[in-house]
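Each chain gets a letter, A, B, C, D and E, in the order it is written, and its residues are counted from 1.
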Amino acid sequence: MFIVKYIKEVFNAVKSLLVGLRRTGYYFTHHKEIITQQYPDNRDTLHFPDRFKGEVVMPHNENNEHRCTGCTACELACPNGTIKVITQFDITPEGKKKKAIDKLVYHLELCTMCNLCIIACPSDAIVMAQTFEHSVFDRSELTKILNNPGSKIMEGVE
Amino acid sequence: MWNFSNIADSIHKWLNLTFSPTLATIIEMVIVGVCVIGLFAVLGLVLVIMERKVSAWMQIRLGPNRVGPKGMFQSLADTVKLLVKEGMTPTGADKFLFNLAPYIALIVAMLLMAPLAFAKDFQMWDLNIGVLYIAAISSVSVISILMAGWSSNNKYSLMGAMRSGAQIVSYELSAGFSVLSVVVLAGSLNLNTIIQSQADGWWIFKGHIPVFISFIIFIIAVTAETNRAPFDLAEAESELTAGFHTEYSGMKFALFFLAEYVNVFIVCAIGATLFLGGWMPFHIGHWEGFNHIMDYIPSSIWFFGKTFFLIFLIMWFRWTFPRLRIDQLLNLEWKYLLPISLFNILLVTAMAILGWYF
Amino acid sequence: MGSSSMIVLIIAALAFSSIAILIAKIVTKATTNPQKGEPYECGIPTKGTTWKQLNVGYYLFALIFLIFDVELVFLYPWAVVAKHVGWMALVEIIIFFFILFMGFLYAHKKGALKWK
Amino acid sequence: MVEEIGTTEEGDLIINVGPQHPATHGVLHLVITLNGETIKKVEPHLGYIHRSIEKMCESLTYRQFIYVTSRMDYLSAHINNHACALCVEKGLQVEIPPRAQVIRVLMDELTRIASHELWWGAMAMDLGAFTPFFHAFRERETINDIMEETCGARLTMNYMVPGGVMADLHPNFQKKVKEFITLYKLKIKEYDELVTGNIIFQNRMKGVGYLSAEDAISYGCTGPTARGSGVSCDIRKLYPYEVYDKLEFDEVLETEGDSFARYMVRLGEMNQSIKIIEQLIDNIPEGDFQAKTKVVLKLPKGEFYSRVETARGELGVYIVSEGGSTPYRIKFRSPGFSNLSALDHMARGHLLGDLVAMMGTLDLVIPDIDR
Amino acid sequence: MENEELKTTITALLPSATFEEDGEWLNINIESKDWLPFAQQLRKGDSLFFDYLFCLTCIDWKTHLTMVYHLSSTKYRHNIVVKSKLDSSNPEIETVSNIWRTADFHEREVYEMFGVNFLNHPDLRLLILPDGWEGKKPMLKDFEDPINMIKL
C-alpha cells in the first residue's frame, strides 16, 4: 500500500508539472498573445483617454487669449504649492483698473496630477493635457509659465 | 561539405607535409584551442539570446529586439557591457581564491568538451572511459562555486555556496545512476561505442520505459547540477539576491555566467549522446530506405539539434516552475530520485541480460 | 588527439579567461572608495563575521554523498561487463544494493536525510 | 518553544534582508537571525520611505488630504481614498447620491482585483516562477486601462471627493468592464494551471507560516491574512458601507492558517469581486455623481472613525477635528503595519526560503506600512 | 452589547471611569495608572471580551497628550474607545503588548513619534525613525522640521 501511495504521489506531481508546461508551451508557440507595446516606435498610434492627467496647461485661442481671471482658486486648491499666480492690474479701455494675471507659474516637478486645481477653477481656464513625456535634462525646465507672453484675457470671462 | 572528419584529415595531412611532425602537432593544438575558444564564445552568445527569447515568448513578451535583426546581437552587446564594467574585489575577500574561482569554473567547462563527439568521427579525445571522465571532471565544478561563495566574505554568497554544495553532490548520484543504465545496455564506457550501439535506434526508444525513466531522472539531475531553476537555490535571487556570485562583477561575473551556460550545453550534449544517439541519425530497426534518407542529414546537425532540444527543455522548466526549498530539494533526491534510480538500474540490468531491446 | 587535448583545453581556458579579464582591466577605469569594498548586504553594514562555523546540515549530505559516490564508482566496471556476465551480475548487484539500501534506510531512520 | 528558538547564540548568522532586496518589494529591512537555514528571529526595521503622511495631512484641507492617501497603499489607492472620503462625509453628514455609491463600490472592487493580480504575480516571482508575473500584468493592465479612461490615471487615481466622485463614468466604462470580465473568466483557469495546482508551489506553501485564529486577532491581522486563519473580519460584511449590504457575496474563509490558505483566500476574493461587479455593472442608478458640498469643508468638533476593507485588510481613518478646515490629528490604521508584526511569530523555526513565501502571502506594500 | 450595558459593566469594573457618548462609539476616559488592570479585565471578561485592538494612537493637545485605544470584540462585535490623559512633560503609561500583541508595533510607533514611554514594554526601540534620532518627537505639534521644503 505504501508503494501504491508512493507511485500515485509521483504520478500526480508529474501531472501537475506537465499541466504547467503545457500552458507555457502554449504561449511559446502562440505569438499572437504577445502584449508588448513597442513604446517609442508606436508613439504615433498611442491613444490616451481624454481624461488622462498629464500636466496642467492653459489653452489659448487663436487671438492669444486665455480665460484666466487670476482669482487664485487653483493656487488655494493645490495641496503642494504647485501653482503660483502672479497678478497685475490691467487698465481696461474704459480706464478702469482690472485684475489680471501677469504670470501663472506652474511647477511640474511638484505636481501630483490630482486634478483639484482644474475642479476649483471657476472659469475653466486650465485643463489637463495628455502629454506624458516630462523628462528634461535641467530641473529648472520643469517650472513653466502657463500663459503665453503677451496673452490677454478672453472677452466676456469674469 | 558537412563532413568535418574530411576537413580535419586534410588539414592534418597538409600540416604534416609542410612542417616537421612536432611543429605540425603544435599548430594542430593551437587550431584546436582556438576552435574550442570560438565554440565557447559562440555557445555563450547563442544560449543567452536563446534563453532570453524563450523566456520572453513564454511570458507573452517580445524579448530583446533592438540590437541587430530581431535582437540577435543582444548578447554581444551584453558582453561588451560586461567588458567595460569594473571587476571589483571586495576588501574583506580572500583575494586569491576569489580570483581563482572563475578560472576553475571555466576550466571545468572546457575540459568536459574533450570527449564529446560533435559529429561523425569528429571528436577531440576518443576516450575509452568517456563516461567516467565526464562524471569525474563534472564533480570538480562544485569546487569553483564553493570557492567563489566562501572567498567572497559575504553571507549570501556563503549560504548560496553551501546550498549548492549540498545540492550538486546529492544530484550527482542520480545523474550517475541514470548514466549507468545506458552503460549497462551498451556495455561500454566509450562514448563512441555508445553512439554506435544506437545505430538501429536510440536508447530512449530501444530501452522501453526503464531507460525513459532514467532519461527523466537524468534531465532533472542535470538541471539541479547546473544550478538552474527550479533548482537554482545557489543563486535564488529572491532569497540570497544573487547567491554565490553576489560579489562578482564585470568580466569575472561574465565568466561564471558563460561557464554556467556552457555547462548546460555540455550536460545536454551528454544527455543527447547517451539517450538520443548523439550524432547518430534517427534510425528504425531495418527500414533501410527510411534510414538512408535520415543519413542525408549531416551528423553535426543531428547532434546540435538534439542538444538544443534538450537545452530548450531545460529552459522550459526554468520559465515554468517555482523554485524548490532546500529541504524539498534534498528530499526529492534522497526520497524519490535515488530509490527510483536504484530500482531502475536493476530493471535495466535484467532487461539487458534478457536482451529485451531491439 | 588523445590525452594532450586536456592540456590544450586547460591552456585554452586559461588563455580565454585571462585575456577577457585583461581586456576588461585595460578598458575599465577603476575607482576605489572604502564603501565599494564592503560586502553587499542590501546596503546595510554586515554584522559579525561571515567565516564562522556553519550549521552541520550542509556537511551531512556531503558525507552521505561520499559513501554513495564510492559505491557508484564500483558500479562503473560492473556496468560495463554486466551484459556479458549475465544473471550472476544481477544477483551480485542485488546483494550489493541490498547492503547499500540498508545503509540508506539506516541513515533515513537516524534522520540524517532530514534537513535541520 | 518559540522563546527558546528566539534566543541568539554564538554561531548564529545575522543577515540583513532589504532594504535593497528583490523579495521585499520596496524598502523593507528585515534583520534575520539564522541558524544554518532555520530562522530564529525576524526583526523588521521600517521607515525607509516614511513620509509622515499623518503630519502632512494636518496642514492640508479636507479636500486636499484625500489625494495624499493614494500614496499609502498605492495598489489599492482608490480604497484608501474611499476610507478618507467616508470619514469626512461622516463628519459632514452628507448623503451620497446612489449613483456615486455604486461607482465607488465598482471602482473599489476593480482596484481589489488589480491589487490581487499584482500580488499573485509578485508572489509567484518571489517563489522563483517568473512567468506568472507577466501573465498577471496582462489582466491588471486591462483594469488600469479602464481606470485611466474614467479617472484619468492608472495608479493613483484620486477619483474620490467628499460627497461623491470627481467625474461621471466614461461612456465606455460598462462595455469595457464587461469585456474585462469575459477576459478574466477565460484567464483565471491558467492561474490554477501555472501556479495553484503546481506540486512545487503547493509544497512551498502548505504548512508554512502558520497563524492561529487567536494569534491573528491578537496581532491585529486583518484582510486575507486573518481570513486565511478563519477569522471573519471582512468590514464589507461586518460594518457595511455604501451599497455592500445590498450585494450578494461571500466572505472567503479558510481555516488552515498557512500560506496556502491565505493564497486561496485571495484567489477566492478575486472571484467574489467579479461577482459584485457583475451585480452592479448593469444596475448603475441614474442621478448625480456628487453631492452638493460647500467649497471649504469644515468638520464639526469631534472625532470620526471610518473603516473600509482594502485589498490588504482593514484600513481605519481616525480624524480628530477642532472645527477648522484642516484635521487636528489624523491617524491611519493601516492593515500592512499590523500584518507585518505577525511575521516574526510566523517565521520562527521555518527555513529562509519560507520567509519569501510568508512575505508573499502577507502581501506587504511598504508605503502602507511606513505611511 | 449596547452602549448602556457596556457602561454599567465598565462602571462596575472601574468606578472612576467617565464616559462620553457624542461619538460613534462609547468613549471611556480613565486615569493612566488604572490602564493595565483595566485592559486585562476588558480582554478577559466573558461579557466584554475585547480581543481585538484595532487602533492605538496618541493625540497631542499641546497641554497634554491623550492615548486613544480603539477596542473591538470579534465575538460580540461591540466597540469601545478608551482614552487616557498623559502628562506632556513626562508621558508614561503601562504597555498592553502582552495583552494585545499588535500593540507591540503600535506602541513603538507612538513612542518614537510622540515620546510616550511605555512601561515594561519588551522591546521599546525606534522602529521607523533612523537609529540615533535625537531631538523633538516628530508628530508633536511644536515639532519644526529644519529642512521643510514647502511651507503652505
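The definition used in the following text is that a contact is a pair of C-beta atoms (placed from the backbone, for glycine too) under 8 Å apart; a residue touches a chain by one contact, two chains touch by 3 or more.
Since the structure is predicted, the reported quantities are computational estimates derived from the model, not experimental observations.
Asks: Note down the smallest number of touching-chain steps it takes to go from subunit A to subunit C.
Replies: The least step count works out to 2.
Asks: Please state which pair of chains has more C-beta contact pairs than any other pair.
Replies: B-C
Asks: Hey, how far is the Cα centre of subunit C from the one of subunit D, in Å?
Replies: Chain centres of subunit C and subunit D, defined by C-alpha means, are spaced 45 Å apart.
Asks: Cα centroid separation between subunit B and subunit E, in whole Å?
Replies: 63
Asks: Take the average of all CA coordinates in subunit D, do the same for subunit E, and state the distance between these two points in whole angstrom.
Replies: It comes to 25 Å between the two C-alpha centres.
Asks: Cα centroid separation between subunit A and subunit B, in whole Å?
Replies: 51
Asks: Going through subunit C residue by residue, note those that touch at least 2 other chains and give them in order.
Replies: Expected reply: 41-42, 46, 54, 57-58, 115.
Asks: Which residues belonging to subunit E are in contact with no fewer than two other chains?
Replies: Within subunit E, the residues that touch at least two other chains are 152.
Asks: Counting only residues that touch at least 2 other chains, which ones in subunit D make the list?
Replies: Residues 13, 15, 21, 37, 60, 131, 138, 194, 198, 200, 351 of subunit D each touch two or more of the other chains.
Asks: Touching subunit A in the complex: which residues of subunit D?
Replies: Interface residues on subunit D, with respect to subunit A: 60, 63-65, 67-68, 131, 138, 141, 148-153, 156, 158, 161, 166-167, 170, 190, 193-194, 197-200, 202.
Asks: In the complex formed with subunit B, which residues of subunit D make contact?
Replies: These residues of subunit D touch subunit B: 13, 15, 21-23, 37, 124-131, 133-135, 138, 194-195, 198, 200-201, 203-204, 351-356.
Asks: Quick check: in the complex, which residue numbers of subunit C touch subunit D?
Replies: 41-44, 46-48, 52-58, 115-116
Asks: Show which residues of subunit B lie in contact with subunit C when the two form their complex.
Replies: Residue list for subunit B touching subunit C: 25, 28-29, 32-34, 36-37, 40-41, 82-92, 102-103, 106-107, 109-111, 113-114, 124-125, 131-132, 135, 139, 150, 152-156, 158, 162-163, 165-166, 169-170, 172-173, 176-177, 180, 183-185, 187-189, 241, 246-247, 250-252, 254-255, 326-327, 330-331, 334-335, 338-339, 342, 345-346, 349-350, 352-353.
Asks: What residues on subunit A touch subunit B, complex-wise?
Replies: Contacts found on subunit A: 10, 17, 20-21, 23-25, 27-28, 31, 33-36, 38.
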